[in-house]
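Think of it as A, B, C and D in the order they're written, each chain with its own count starting at 1.
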Amino acid sequence: MEKTSEISDRLKEHLKDNIVEMKNPRESRIFLRVKKEAFRETLEYVVGNLGFKHLSTITGVDLGTEIELLYHMVLNDAIVLTLGFSVPKEKPTTRTITDLVPSAVLYEREVHEMLGVDFEGHPNLIPLVLPEGWPQDVYPLRKDRQFEELRKIALEK
Amino acid sequence: MAKEAFEQLFRKPATTKYPLQKASVPAGFRGRPVWDMKKCIGCSLCQNNCPSGAIELVGKGMECEIKYFLDRCVFCSQCVEVCPRAAIVMSTEFELAGFDRSKMLYWYKRSGEVL
Amino acid sequence: MSAIEAAEILVFPGLLFLIVLAFFYEWVDRKFFARVQNRCGPLFAGPAGLFQPFADFVKLISKEDIVPAACDKILFDATPIFYFALPLTALFLVPIATQSALIAFDGDLIFMMFIFALIVITVFLAGWSSMNRFSIIGAVRAALQMLSYEIPLALAMIGPALAAGSLSISAIAQWQSSHASWGLWLQPIGFGTAIICMLAELEFVPFDIPEAETEIVAGWRTEFSGRKLALFKLGRDFELVLASALITSLFLGGAQQVGIIPPIIMFLLKTIPVILLFSFLRSIFARLRIDQMTSGMWKYLVPIAILQLLLILLGIGK
Amino acid sequence: MGYASTIKVPFGPQHPALKEPESFIFEVEGDTVVNVTARLGYVHRGVEKAFERRSYVQNLYLAERICGICSHAHTTCYVQAIEELLNIDPPPRAKYIRTIIAELERLHSHSLWVGVAAHEAGFDTLFMYTWRDREEVMELLEAISGNRVHYAMNTLGGVRRDMPAETFPTVKKHLDSFEKRVNEYSHIMKTEQTFLKRTTGVGILKPEDAVSTCAVGPNLRASGIKEDVRADEPYAAYGETPFQVIVHGGGDVLCRALVRIEEMTESINIIRYALDHIPDGPVRIRTPVAVPAGEAVSRVEAPRGELIHYAKSNGTTKPERYKVRAPTLANIPSLAKTLIGAHLADVPLILAGIDPCFSCMDRMVFVDQNRDKQWVWNMEELKRHAKVERN
């Protein structure tokens, strides 16, 4: 089995200055943030060459002016690579990864409805868990949405 | 399977006749929390730590009274854990369901009476 | 019609007695089923929950009767009555209180088979008329199921008739008592076939395919509520009585007079074990799929039933 | 050509085969499923948003309430993430107790599953037996933790209650009798012909499909892929406990049943080992209220498979972002693969086969914390809602 450090070395070597941030807080955890343009290529490398076949989930984080997308990829059920990049909040669009990892379909839908990120090329980008009739432009997990406001919307509906 | 099923005929039913026959709970069961107002010093730790907002302090310090909302309580016993004076204990009371939420307020007064 | 005849039809062993018996047998079935599963079963209504089926019936009668907008109103109203009346009619053909049934004629066995077919047709119409996806699937399954168990059932019922040389149920029962030999000992294969087919007729596990709860909600009964459902439930209980009574008459010697014991006691003593057998069988299997059920019936049960007939024709089991 | 040859059969939001509200609409041609659409979110409660406005201690109980069956798995995952952020290591005795509770939880979850699967197959007697015997484990959990479902054993920096050594013989006694019962189920499942007929070759998930759809847990292991977070990335006391990862190659519902049954035996052995080797010492250490800024990913093998939590802290007493992905959601894509082409009668079994836990998956009704407003529908509102639904 490959070591966590080996993988991070290989990633460093391959990506060079496309890396925004790379952390290795403990064994079997890698946090890697790349530039938006380099994400697709990185993912192809990670899935194709490093063998990270399992996508655990996609997390979207509202950073204020940007939305960060974190893809938690798992190798051999042991090493978690959290691959992230940011999209601007005004125009949060990125390409879908469903062609590379088919099971991302649900996770992308979830991020889309919760944070309003558009995944170009996604086969069916409709809300996953929010109720029918939920307003189009209300994304609950964005920081500017308050809890009380969301409850009001849910009650009015 | 047939043998297994046949054997059951000569066994006592595993279910109990619950409302007629009281269910027992083990020691350490987390039932409805009960306050001892003689011990309470009004530190408000229980209120601040309660995950479901079931505890409300009325007044301050030694004069405070405790409002406990049974309908919000999740019986986690975090309040028991944080209480510095051990003024809260979890009772073994568990048949707490009801139809009226307004009856589920327990108001612990300083005088020791409970509304 | 004399007063006695009227009393016979309406009270004993007619309508009223049969209703009480139907509730009682449902209770026996439920209680036994529960005990096999290590549960208490009905408990609160009456001693040991004896009145629970009746309480359920009263409760259902008092409930709102919801009629779906899309249903066929006439059929939707009529089928519960048919479903309740058909097994009741059939029960008059079976000897209960005396050695001969209330209505007995040569050929009533054929009439009985006809009623069994009618019951399933009623079920089919009930499901079809409610215009619900689950009901229609259940109705089609019921019809398909009937096609597979009707033949072996008829073959199994013909066995005792051949042995007794009569097509009257009462005559078959009397032939067994006069020969002091039950169909069960003479034709065990036929008895087994009949039990299996009756399980299918009663829609008991493993043949509860038309109303498979976890697949199609309540199958053909999905849309029925209130008093219609109450009638269906009562009809089901009648069917239970009918199945056990028929098995008793054809294979267990029927309601015999043994010494001073009146036929009615013998009838009860014989039908209750049959109910328990049904109850036990339905507790130890998983539900089959409709294709598995159909192919199983045609591949195995029909040849077995024919084998029994051949044995009788060869003189074994007469 | 010109006529519709398929009918749509809805399963849910209310359906006897689904123990929780979730909607599946099957397009059926004859008796064969040709298409399936899932509508999730009926038990969406906004948990992830709620995490952001509670303190770390309060969140502990919120995490527990994501799911009833795997409540311990969620809290374990939560405390692991926060402990990593706090950079503390809980005492070894606490880790052993976490392991014991986790395995007891797996026992009761799997026996619940065996019962549900039997019920879906119309096998109600087995369902009653398994649930009866499950009570034994539930009562054990109640005696250890004080509650049957929400054990509330985990806390930041350890566990809340110690297990006194004098209780061990009782636990072992119950385990012995439960093990006998487990062997009995495995015997019934392997020999009862009607049950075998309903489960063999039903809902086959091929290994390559299992990998490509990112299936997790027993579902994955029944397809012959040997992956188990407990073994591959040990947490709690699993690194010190010997156990086997159960794998079956068939990929059908029967294999999923066998994987779970055999895992139950394995769990009993783990608990026995843990009881024999539990170290002495404290069960918890004090933790600060505020958590330093950072991020952590925590994984746990819940009874249903890999559970992953992501925590991001910002140095205050409340998390910045908390993400939960429950195993059922990960298994939904594989479900679509297995359902298409199945008999309608097999649908409940296949659905049950992944051991769905929809509350877990949907997470998030707005948990009422507002003191004066109550979100309870009165009859009038309900009727109005019903009318709207009908139109």
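Keep in mind that, in the parts below, contacts are C-beta pairs under 8 Å (C-beta built on N, C-alpha and C of every residue); 3 or more make two chains touch, one makes a residue touch a chain.
No experiment lies behind these values; they were computed from the predicted model shown.
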{"item": "Centrality ranking, top chain (CA atoms only)", "value": "D"}
{"item": "Taking each chain's C-alpha mean as its centre, the one farthest from chain C", "value": "A"}
{"item": "Inter-centroid spacing, chain C versus chain A (mean Cα positions, whole Å)", "value": "61"}
{"item": "For chain C paired with chain D, centre-to-centre distance based on mean C-alpha positions, whole Å", "value": "43"}
{"item": "Cα-centroid distance, chain B relative to chain D, in whole angstrom", "value": "27"}
{"item": "Between chain A and chain B, centroid-to-centroid distance (C-alpha), Å", "value": "42"}
{"item": "Shared interface positions of chain B, touching two or more other chains", "value": "1, 5, 14-15"}
{"item": "Residues of chain D touching at least two other chains", "value": "125-126, 129, 132, 192"}
{"item": "Chain contact topology (line, ring, star, complete or other)", "value": "other"}
{"item": "In contact (per the touch rule at the top): chain pairs", "value": "A-D, B-C, B-D, C-D"}
{"item": "Partner chain D, residues of chain A touching it in the complex", "value": "25-26, 28-29, 31, 53-57, 59, 61-62, 70, 72, 74, 76-80, 82, 101-103, 105-107, 114, 127-131, 140-141, 145, 147-148, 150-151, 154-155"}
{"item": "Contact footprint of chain D on chain C as seen in their complex", "value": "36-39, 133-134, 137, 205-206, 208-209, 212-217, 283-292"}
{"item": "Of all residues in chain D, those that touch chain B in their complex", "value": "54-55, 57-62, 64-65, 125-126, 129, 132, 135, 139, 142-143, 146-147, 150, 152, 160-161, 184, 188, 191-192, 367-369, 371, 374, 376"}
{"item": "Contacting residues of chain B [partner chain C, same complex]", "value": "1-2, 5-6, 8-9, 11, 13-15, 17"}
{"item": "Chain D residues touching chain A - in the complex, by the definition given at the top", "value": "40-41, 44, 46, 48-50, 53, 84, 211-214, 227-229, 232-233, 294-297, 299, 306, 308, 310, 312, 320-321, 323, 325, 329-330, 332-333, 362-364, 366, 370, 373, 375"}
